[in-house]
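Two complexes, one shared chain (chain A), two partners (chain B, chain C).
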Partner chain A sequence: MERVIAFPLMGNYYVPSSFLFSKISDCEILKPPPITSKTIELGSKNSPDFVCTPFKYTLGTYIECLEMGANTLIQMGGGCRYGYYFELQQKILSDLGYKFEYFNLVSMGHADLKNIYKIIKKINPKLNKIKSLYYFCLTIKMVKYMDKVEDYIRQNVAYEEEKGKLNQLFDSMLDDFNMVKTFIGLNRVYHKYKKLIESVKLNKPKNNIKIGIIGELYTLMEPFANNNLEHLLENYGVEIKRFTNVTYLLFEKGKKTKKYLKKLDNVKYKMGADAMDNIYYTKYLIENNYDGIIHIKSSFCTPEIGNMGIIGKMCEESDMPVLFISTDTNTSNVGFETRIEAFYDMIEMRKKNG
Partner chain B sequence: MDKCYLGVDIGSISTKGVIIDEKYNILSQNYIWTEASPISAVKELISTLSIPKGYKLSGIGTTGSARKLIGLMLGANVVKNEIICHAYGTLNYYPDCKTILEIGGQDSKIIIINNGIITDYAMNTLCAAGTGAFLSSQSKRIGVDINDFGSLALSSKNPVKIAARCTVFAESDLIHKAQLGYKKEDIVAGLCKSVVLNYLNNVGKGKKIKEPIVFQGGVSKNIGVVKYFNEILNTKVIVDDNSHLMGAIGAAILSSKESSDKEYNLNMNEINFETKGYECKGCSNNCEIVRIIKDGKLIDSFGNRCERGTIAK
Partner chain C sequence: MKIGIPRSLYYYYFKDLWQYFFEYLNIEVIVSPETNKQIMDLGVKYSNDEMCLSMKNYIGHIAYLKDKCTHILIPRIDNYGLSNQTCTNFLSTYDIINNIFDINILNYNINLKNNETELKGFLNIGRKLGINKKYIKDAYIYARVKSSKIKKEKVLKNLKNLRSDKRKILLVGHPYNIYDKLIGEPIINMLKSLNIEIIYCDLFYTKNEYDRYSKGLYWKYNKENISSISKCIDRIDGIIFLSSFPCGPDSLVNELVIRKLDKPYINIIVDDVESSGGIETRIESFVDIVNEL
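For the complex of A and B:
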């Protein structure tokens, strides 16, 4: 049986993950269909009703991929309910009658290289240790570059003179990343596009509105899950700061959380998943004179519910506007847009009147 | 010729319209039921509003849940969300107001204002309990006209307790109490009180409600609800005579701020507007694309999530 690998979608991270698997295995890699309302329908039909939304999204994508012929599914697990997705989804999918193998690369948020190697060895028994390590490092570098460029775009895309230019360049950078074979090649592509992207003409006003978006990781990173929040804000001409990305979650979180914890007086321990991190980000955004904070999460996300009280209090004390949004599998975004529009108008009004 | 401005607030239950002059005095106003057809409601509304002699219409603002559709239909120069419009409208009459409580047909909101600037707001997210729609559906059940609801509630000396958490619980509580033989006025008073409690627990949760407090939206016309707001907040909330029109007034004020020399006319009756739904087959999202057709010509469409659903004008 030939293996066909599939993994769930989240933002643009399909590119590096498919790159890695195409290099370290000779299996076919299935590109999951874009998330649509059908995906969510499939996912929520087969999920427990009160599970968090990313579970439903990823389950829906798995079902679609299995229908398209995938037989090897890859999942990761974080430090909250996300850590149990693997077991539960495996059970649900087998009960539905699908035949597949299911691998969990990251257990409870710890990217353990040895464990990952063991799993990949199972997928590809002919795996060469040195070669896989090489491509693993190359992919990490690629993710880091991607996140760096995306950060820059988030800050500036609202102000570009020629609309759509930055995203267009970013897309072709991702295309070129797919062709890369070595570190030298990757660096060359990155620096070429970095130059191009930084030379895109911007009309950035001095006193522009800056909003930080924090919250639960999947809803933050998958545009379909957050009703295209970033795009909506861009249209209002807002500079966006988002801290959560894969670079942070997989490679920096371990070290940084300790640092963050020391800097916070009101938190004594990590609160599960990114709850404490988001409290630190709130502090950062307040201290760096941002104009507003949007906290977005999937419904029933327990760690984020835990930090909402503290974040609300911090914002109240420092007179920082904050908007809390929960999303579920609803796809109508009229009410969502009204809230974001009002939040923007409120900030603009505050800013104008000093 | 003096300039005047039209503001239209098209809510789920009622449609409100005002015409104001440059000093924001109301020249003409009306309040009618939307009855689930905003286009004909607005046509009717417009036909009853009159521009006094010596004035020319220099701006149109729309707000409310059908603001986009009606904005297109009227060619409005401002289409704004309800929160901002309510704040602008209220601040015009009560410049030192600190809290706006608003309960409408489908949604309710709280707006916190500091020195004339909105500093915080919240809208009901999860539940329609504590809105006008809940009150009017229950009034039918009890057989009391919604207009008499407030005065009946005031006559109660012993309001029954009704769960304020959610409409389903509230309704089953209400039926039980009714079957136990409680008086109608006590039940009505209990309902009014539950609306207030639900509002303060849901929308007003965690918000600092400071005086002066202005209460508006359709439900503010219910004196029973006003009474319980006063009782529970232990203060006196302000209810303006035009409390139901504040959103429309705000929209008109906003349109005056962005008006140009262009003159608008209100001859709507001969023009035929139509909304046609259309399911985009570009992908499995099946976006419902709304097309607005004016006299057989497509003037705009919305509802698509990506370029595939864009229809050329």
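For the complex of A and C:
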């Protein structure tokens, strides 16, 4: 039986992960269908009641992929509750009668390269150690480039003269990334598009509105989970600052958290997951004169619930507007849009009145 | 000097240890009373509305204590090794409380990954209170021996109950929920009045015997709960899962265990609803099922 691999969606990170798996294994890779309200319905119907929302999203995606013929599921895993998703999801899916193999790469928030190699060896027994390491490094570089470009786009997309140009370039960059075979090729593609993207004409006013978005990682990075928050803000002409991305989570978090903790005087310990990081970001945004903060998380996210009180207090003391949003499986975004619009109006008025 | 200990969360894991430790040092201790309506309301008032019920309860106890003592004891438990982690609420209580209330906090940290043991934590407390290092060590050993003796007696009693002729129900939940006056005690009283022998999940000596239900579990307290199930599953007639709304680790682990159980069970989730009518009906019908077996 031939393997068909599937993994859950998160933002644009489908591109590098499918690139990696297509290089190190010869199995077919199934592109999961985009998340829709049907996905969420499937997920939440089969999930426990008060599990955090990413569980429901990924479970829904898995069910849809299994229906489409996938037989090997891969979950990234991580710290907090995320490292434990796989065991329950495996049980739920096999109770539903599907036949599949399920691999979890990281458990307990502790990435062990040896362990990951063993798991991938199971998927592809003919795996070549050196070749796979090469492509692993290439993928890491790709993710780093992606995050860099996306960061630039987030800051400037609201002000481009020709609407949609930046996103169009970004999409074609991702397409070209898929064709890459070596580091030289990757660098060439990146620099080509970097030049193109930076040459897009911008119409950026000096006194523009800047908003920082912080919160729980999945909700921040998956546009469907946050009701397209970034797109909504772009339409209002807002410069967005988002700290959380895969580069940060995988390669920088370990070093940076200690630095952050030293700079904070109201927090003594790491508070689990990204809670302390978000408090530091709040401090950063306040010190760098941003105009507002949006804190978004999936409901029942324990670490973020813990830091909400502290962030609220910090913002109150420094007169910083902050909006707390908790998303769940509801898919109508009318109420959501109203809240963002009101928040934006309030910031704009504050800015006008000095 | 007067040290306040909130009767919630950590208290149910460390109460004997703390009591004997401070008794040896001759320091006056005030423990907040059993949870009542007033304390719960204080907790709801000061906490974030999405926090779990046990956390609200904890904050309520601290709000009650804040003017009645000089220090409040709030430990922080990060982990007991890589595969023995705790809920993130245990990591963040210190900082949450420190930012809500303006109080003197006596704090120690347990993080075995970084070699911060319990004894080191207690020595830290001693330094803050200005007490001789040797004296603290003596007090800690005294408290450890005394408290483990008490635990032993309780475990023996629990094991003895397993041999009783009555119908036996295992109560699975975190001790801070089971023994709380508002959360767990109504359920215990109900079961007792229905002539049921209750077996408590925290009163066992377990050594990671959770393989039967879960392979990759890494939460210490859930591990203990699940181990107790596999320890006595053959000798009990039913299981009650008790968790507070919305408990993070329980939401995943209980669901997984329930899917693998072959005994009658009931999953009770307690919120800060005041009427106990619903729970009473559910417990009664569950006991009826157990009695029919």
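Methods note: the second predicted complex is superposed on the first by the 354 of 354 C-alpha atoms of A that agree within 3 Å, B and C clash if a C-alpha of one lies under 4 Å from a C-alpha of the other, contacts with A are read in each partner's own complex, and residues count from 1 in each chain.
The rule is simple: a contact is a pair of C-beta atoms (placed from the backbone, for glycine too) under 8 Å apart; a residue touches a chain by one contact, two chains touch by 3 or more.
From a predicted model like this one, the values you see are computed outputs, not experimental measurements.
With the two structures aligned on chain A, chain B fits next to chain C without clashing. With both structures placed on the common chain, the touch criterion links A:Phe300 to chain C but leaves chain B unconnected.
Once the two complexes are laid over each other on the shared chain, residue contacts for A:Ile310 go to chain C alone; chain B is not touched.
When both complexes are overlaid on chain A, the residue A:Pro48 reaches chain C alone and has no touch with chain B.
Touch criterion not met for A:Lys256: it reaches neither chain B nor chain C. When the shared chain is aligned, chain C comes close enough to touch A:Tyr269, but chain B does not. Residue contacts after overlaying the shared chain place A:Lys144 against neither chain B nor chain C.
Looking at the shared chain after the overlay, A:Glu87 reaches chain C, while chain B stays out of its contact range. In the superposition on chain A, A:Met346 makes contact with chain B only, not with chain C. More chain A residues lie in contact with C than with the other chain of the pair chain B and chain C.
Shared-chain residue A:Ser326: touches chain B and chain C both. The superposition-derived angle at chain A (between chain B and chain C) is 80°, Cα centres, a multiple of 10.
With chain A fitted onto itself, chain B and chain C come no nearer than 8 Å, counting C-alpha atoms only. Shared contact residues on chain A (touching chain B in one structure, chain C in the other): 326. Within the complex, the chain A residues that touch chain C are 48-52, 55, 80-81, 83-88, 91-92, 95, 104, 107-108, 110, 266-273, 275, 299-300, 302-303, 305-310, 313, 326. Touching chain A in their complex are the following residues of chain C: 47-48, 50-52, 76, 78, 82-83, 85, 87-89, 91-92, 94-96, 98-100, 107, 109, 214-219, 245-249, 251-256, 259-260, 269.
Chain B meets chain A in the complex at residues 65, 80-84, 115-121, 123, 125, 206, 283-286, 305.
For chain A in complex with chain B, the touching residues are 33-34, 36-39, 228, 312, 319, 321, 326, 334-335, 338-339, 341-342, 345-346, 349-350, 353.
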